[in-house]
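For clarity, chains are labelled A, B and C in written order, and residue numbers in each chain start from 1.
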Amino acid sequence: MATPLLEVEGLRVEFRTRDGVAHVLNGVDYHVDAGETLAVLGESGSGKSVTANTVMGILESPPGVVTGGSVRYRGEELLTAAPARRRELRGEHIAMIFQDALSALNPVFTVGFQIGEQLRTRRGMSRRDAEKRAVELLDLVGIPGAKQRVRDHPHQFSGGMRQRVMIAMSLALDPDVLIADEPTTALDVTVQAQIMDLLADIQAERHMGLILITHDLGVVAEVADRIAVMYAGRIVEHADVHSLYANPCHPYTRALLESIPRVDTKGTSLSAISGLPPSLTRIPPGCPFHPRCPMAAERCTEELPPLAVLPSGRSSACLFAEELVAG
Amino acid sequence: MSDPSVLGTAVAEPDPPPAGGADAQERARSLASDAWHDLRRRPLFLISVALIAILLVLAAFPQLFTSADPNAGDLARSRQAPSGQAWFGYDLLGRDVYARTIYGTRVSIVVGVLATTFTVLLGGTLGMLAGYHGGWVDTLVSRLTDVVFGLPFVLGAIVILSSFREAIGEGAVGITALVVLTMAALSWPVSMRITRSAAITARNQDYVRAARALGAGPARVIWRHMLPNCLAPVLVYATIALGAFIGVEATLSFLGIGLRDPVVSWGVMISEARDYIRVAPHLLLFPAAFLAVTVLAFVMLGDAVRDAFDPKGR
Amino acid sequence: MGRYILRRLLQLVPVFIGTTFLIYLLVWALPGDPFAGKCGERACPDAYITRMREEFHLDENVVVQYLRYLGNLLQGDFGQTFSGTSVGELIAAAYPVTLRLAIVALLIEALIGVLAGVLTGLRSGGFLDNLVLVSTLFLISIPVFVTGYVLQTVLGLRLGLISPTVSADAGFGELIVPGFVLASLSMAYVARLTRTSIAENRRSDYVRTAVAKGLEPRRVVGVHLLRNSLIPVVTFLGVDLGSLMSGAIVTEGIFNIRGIGGLVFRSIALREGATVTGVVVLLVIVYLLMNLLVDVVYAVLDPRIRYV
């Protein structure tokens, strides 16, 4: 098997606070290859963003502590790499865009400055060339009148336009992997679709590996190749997008899909997942989902099911995965 | 003073239950109880509270700590250095510096407390009025605040104190009242601004709008909804200001325009000491040390209270 | 931008008039005979008093008096003392020294305060942080005149490092220690303000973005973090220049600096209302102009502020 572009294996992260230790990541595995889109799906608090921040090396520490696992870029271990090497990879090879572009962009600098900054400090471009390139990038992400707007400040843009600026900034150094952390959550529905299309286009055009973090199942279906579903700091199901939608192999995924309103079942009541996600300081023994799981059996309270690969190539962390596949 | 066992039990306390309901008073109460839980684990808070408690006892019962008369002078022992008989030595007129320092606590603290009270009452009332009414009342009060705020404090105090000096006479009460009122008259703008912005925030909150829409009168809205919201920031300001005012009293006395004989205060002592600092440093040292410790205690208390009330700090 | 400045300037006019009127009222309209003790041991001759009252329009309504004073002031005339000396000249002689002292103090507080604040804000909880916290507590708690006397006694009289009093021309070098004394309180505030501001912004999203862009840590702090964190500090420093000049009176007294502090005290002792009014009015003007400057600088530093 070829080395994946970016690979996360058995990643464990704890948050150590005054109130106790929160087990935020409890063995996360995923990978992404060039030219494909991996969607990481889960409720808030499931550890999607923490995983991404750990991959980028921007995990807030304290309180965050990596206690195990591995993050490899083209086979190179990142967690033990020197800080200088990690910094070299950030932006240049792995770039990231954030949920709230208004707070993620520095309010006191022009967008041109912020996009061109990396070109000036890392490519040695002159101020003028950097600005020219910034205009091209703004143009690329579809900002009308890029030439005039390059000297505007972030607060002068609308939400969708700001997210485009953010995307332009992340593309400045032509990264191979782009991590998009809930890029559309803060936006209007119509704008959401535009931003997703833009991301999909850019990903295809540049043959990038895209990790798309979201809690929105609707967003995922159109752009993702594969989906990894997270729950309580673990991947509970991993499959290509069609199989996952057609036949979810984990009760949690199943419940998630059933909670989406659909036109064809209009009139029937929506099923919500009962209960709350577990507190990360007190994750229940056995399968962490068992208190909310309609299929939970005695075994589930004792055994922690591993993320097992099923014959079809997909994986599920449920003791009853085989039965779920069979339908 | 920071007893580790006390700290240990405080840390082991479970967190208070989360705030429930939208009622302003309940929110304020749970904020206060949160703050209280938070405060009890802070060593700075415990130290400052202990210091303040000692100072209050000194101020209330000075005779418990010294049998000497702070005003009994004997020129024969003028400027004598500290000795077993008089721990802090004697001042220019041969008065016991220790006794004077102990007795001075009362005036210094009373001046600080009164000046803070008047400042907060005046500023708070105006700020509440401006914040509640808005419109032209707000404009008027705010401009008035700007005008007073524009006066430089020290110069303003010099002008006021020297203008009224003769009218006030030589009585201890009169002199003290003049100094207190001058400090309050020049300091209220800060508390007005704090109260006003807190009041405006409270007034614009949904549940306050709802209360007004349901016909709650101004008195009820101010008392039940706006006051609890303004309490925390004003309280924090008042604690820090209290320390500052005690220092200001000394500064004014030092400049020769504040309190003066027959009043016994640290500022008066420092002011009397300033010409003899080279030959008799103990005259300055002891009252200045008491003054610094007192201001320190209130500033630390203010710091601790502010951190406890500031949700960002958690 | 020009319109913004003009608008702010116009807003200052009522405050200026209100404040100066208040001072005028305090100095001139209060009880107390301005001629008591003017002519030595004896009471002043009636003829002199009558002449002076007329010359200084003391019998007119105080509002009329004030308006006349304001009119003169707008032409740059601060009036005259009873003995006929120009108040403007008195101030011109004393003011530069105070201004120098205040500027030295401002530089010291900015330099030390910001440095201490940045270092502790970046690394909260360490030894340095606690050291600075305790130092600021002491600077805030110990009155300026005590700091002044202690430094004067230790550095000047015991160690002989500085001259305990400042010479008449008061050069910048001589003003360093007095400037430090004057700055001590504000220095503590600047350090705390910077520390809080840095600590708050350090966790902000845009700093995380800057790190994610792979910028050098020095650049993340020096460009992205500092630029945002220093906005409130610059505001404080600007407004503080006015307070420093007013507070300089105490420091000037200790180090025998011949600035406006001495002028005010002499004028009050001599009941020269015109000089007292002049000095306070001048400080009010400085305060208001610094406020305006701070507003403008603020709008430049933070593009989110619109020039309305």
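Worth a mention:
By our rule, a residue touches a chain if its C-beta (ideal position, glycine included) is under 8 Å from a C-beta of that chain, and two chains touch if they have at least 3 such contacts.
Computed from a prediction, not measured in an experiment: that's the story for all the values here.
For chain C, the chain with the farthest CA centroid is A.
Between the chains B-C lie more C-beta contact pairs than between any other two chains. Here the spacing of chain A and chain C, counted between their Cα centres, is 53 Å. Taking the mean of the C-alpha atoms as each chain's centre, chain B and chain C sit 23 Å apart.
Across the complex, chain A meets chain C through its residues 56, 58, 60, 87-92, 95-96, 98, 100, 103-109, 117-118, 121-122, 153, 155, 169, 173.
Note for the complex: chain C touches chain B at residues 14-16, 18-19, 22-23, 26-27, 30-32, 137-138, 140-146, 149, 153, 157, 200, 242-243, 245-247, 249-250, 253, 264-265, 268, 276, 279-280, 283-284, 287-288. Residue ranges on chain B touching chain C, taken from their complex, read 143-144, 146-148, 150-156, 158-160, 162-164, 166-167, 243, 247, 250-251, 254-255, 270, 274, 277-278, 281, 284, 288, 291-293, 295-296, 299-300, 303, 312.
Across the interface of their complex, chain A is touched by residues 203-206, 208-216, 219, 224, 227-228, 231, 301-304 of chain C.
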